[in-house]
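Pasting in a structure now, in structure tokens, and then I'll have a few things to ask.
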Amino acid sequence: MIRIFVTGGTFDKEYNEIEGTLFFKDTHVTEMLNLGRCKVPFEIRTLMLVDSLEMTETDRQIILDHCRKSKEDRIVITHGTDTMAETAKILGEAKLDKTIVLTGAMIPYKFGSSDGLFNLGSAFAFAQSLPAGVYVAMNGRYFSWDNVRKNRKTGQFEENS
Amino acid sequence: MIRIFVTGGTFDKEYNEIEGTLFFKDTHVTEMLNLGRCKVPFEIRTLMLVDSLEMTETDRQIILDHCRKSKEDRIVITHGTDTMAETAKILGEAKLDKTIVLTGAMIPYKFGSSDGLFNLGSAFAFAQSLPAGVYVAMNGRYFSWDNVRKNRKTGQFEENS
Amino acid sequence: MIRIFVTGGTFDKEYNEIEGTLFFKDTHVTEMLNLGRCKVPFEIRTLMLVDSLEMTETDRQIILDHCRKSKEDRIVITHGTDTMAETAKILGEAKLDKTIVLTGAMIPYKFGSSDGLFNLGSAFAFAQSLPAGVYVAMNGRYFSWDNVRKNRKTGQFEENS
Amino acid sequence: MIRIFVTGGTFDKEYNEIEGTLFFKDTHVTEMLNLGRCKVPFEIRTLMLVDSLEMTETDRQIILDHCRKSKEDRIVITHGTDTMAETAKILGEAKLDKTIVLTGAMIPYKFGSSDGLFNLGSAFAFAQSLPAGVYVAMNGRYFSWDNVRKNRKTGQFEENS
């Protein structure tokens, strides 16, 4: 059983055709897992739907709190990429005895050419196969929470050093 | 470094608009990895482009031979789903000291609603995180080569017993 | 008010992921008109869902009969491309005082890269703007029923002479 | 021969994955006409790539000037929807002896679920079949330049009265 916590991010953004802006309506993660014919049992809960640049310390405490209380010890968190590394750090420092994998997307799932489905597939796989710890799954790789950052110029994740 | 061997399967089928039939032209795996913004170094080689129902024992020996001779010890094989379990068995019995992950798709990548990108993401992740062995990565899970079959009615992979 | 008669064709084909074959389940024309935000009032009726290579003379008489009895004098017919010109001829020779436009697609709508939405947009426009007569709307153009054929090699429609 | 003038609008917007914003890179109209297997000869020229809310009177004079000087007497203009009716009015009052059809989209073509392909198909058809005049082709219909407005709440085009 995998626990999924949804927090928003580009992953779940949609285009508002009246306003011409991007917004959140609902998460697409269940739809994506169905498209991937995923048969791993999962429980999904939307904690918030925010752009990660607007995520507060309170939001991060809510995420940590849910990870701590989760009965499942394998957790996937969908998250905006801009501050994914910050949230990973908060979760990593808590040293929970669980495998927690954060993932996201550079392009909204609804825009057709999204990396989201690939990332979700890899996050689900890492959540099942990695030992307890907190990881970022992006660009086909996994990164440990204490050695990852997003390169804002390239849009890619990389190690700090 | 991940080695990818392409063998065909639904993954890479396209629609011939003049004939109204499905056919193989070229593999889409590189395009899919680019869409997934995959930054894991990889080398790709197309061994064949066949429907797995038409795969022969000679074809399987070619695949085994390439796995054996591959310098990389982490290998992803794209393969039709119908006989994926048979090829996994041939590779598993050879007891190579490598992590070999077979994956495929139920819907062609080119048809828009494919599970292929999800599966490729999970196969890449399992190839990096699982110990030496031969695995099938489908339906968001991994299966050991000696305990997997495709359920032809549901189209899903499951354990033998 | 535009009357739509659905007869099948590549337009409405889908991929059966268990069998690996193309089949008909239901028409996508309403979904396509919604995607096009079409606000022209229309009534849709599925007469049959067949590959046009398998369309019989009885089928064509059914189509003609429905065109004859239709209260609306502007009609769009979705049809397989292979024998679209034959059906157009049957309808044209009946000399009904209605504007009848046949259209179809080279690629199934569900496959993502279909010409179907473009063709449906043009067929709807021609049905509103052309005088009474029978036309084929394909390749961005319209052809009169008595001077059109499909070039089987190129997949394009052209005049007979 | 149809002359196409590109002015931008939602039609041609893309998603900048580094900035998380919408922007213009290049027009997709040729790609869309190829997808629609359009065989009507056309010449395309990009006059500007702007959001129509930012279109100036100078921009509109440039569009009018190009319509006036165009050798072709059948013209399609791609345009943002917000001020499409204003530009149509400028062009209509000039009383050129040409068939000019403006069209656009509510959703960017690149976002997969766009109405753009349907609209372009209908605009091309109306440009070939309507008498000289200036028209807006949206929502599957055509509107005369002197009796059309966009309803900002519904996002649909409608007659003024």
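Every chain is named by a letter (A, B, C and D) in the order it is written, and numbering of its residues begins at 1.
By definition in this document, contacts are C-beta pairs under 8 Å (C-beta built on N, C-alpha and C of every residue); 3 or more make two chains touch, one makes a residue touch a chain.
Because the structure is a prediction, the values reported are computed rather than measured.
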item	value
Contact-richer chain pair (by C-beta pairs counted) among B-C and C-D	C-D
Distance between the centres, which are taken as Cα means, of chain D and chain B, whole angstrom	45
Gap in Å, rounded to a whole number, between the CA centres of chain D and chain C	26
Chain B-chain C separation of Cα centroids, rounded to whole Å	39
Residues of chain D touching at least two other chains	106, 112-113, 155
In contact (per the touch rule at the top): chain pairs	A-B, A-D, B-C, C-D
Residues of chain B touching chain C in the complex	10, 15, 17-18, 20, 22, 51, 106-108, 110-113, 152-155
Of all residues in chain C, those that touch chain D in their complex	32-33, 35-40, 106, 112-115, 117-126, 128-130, 137-142, 155-156
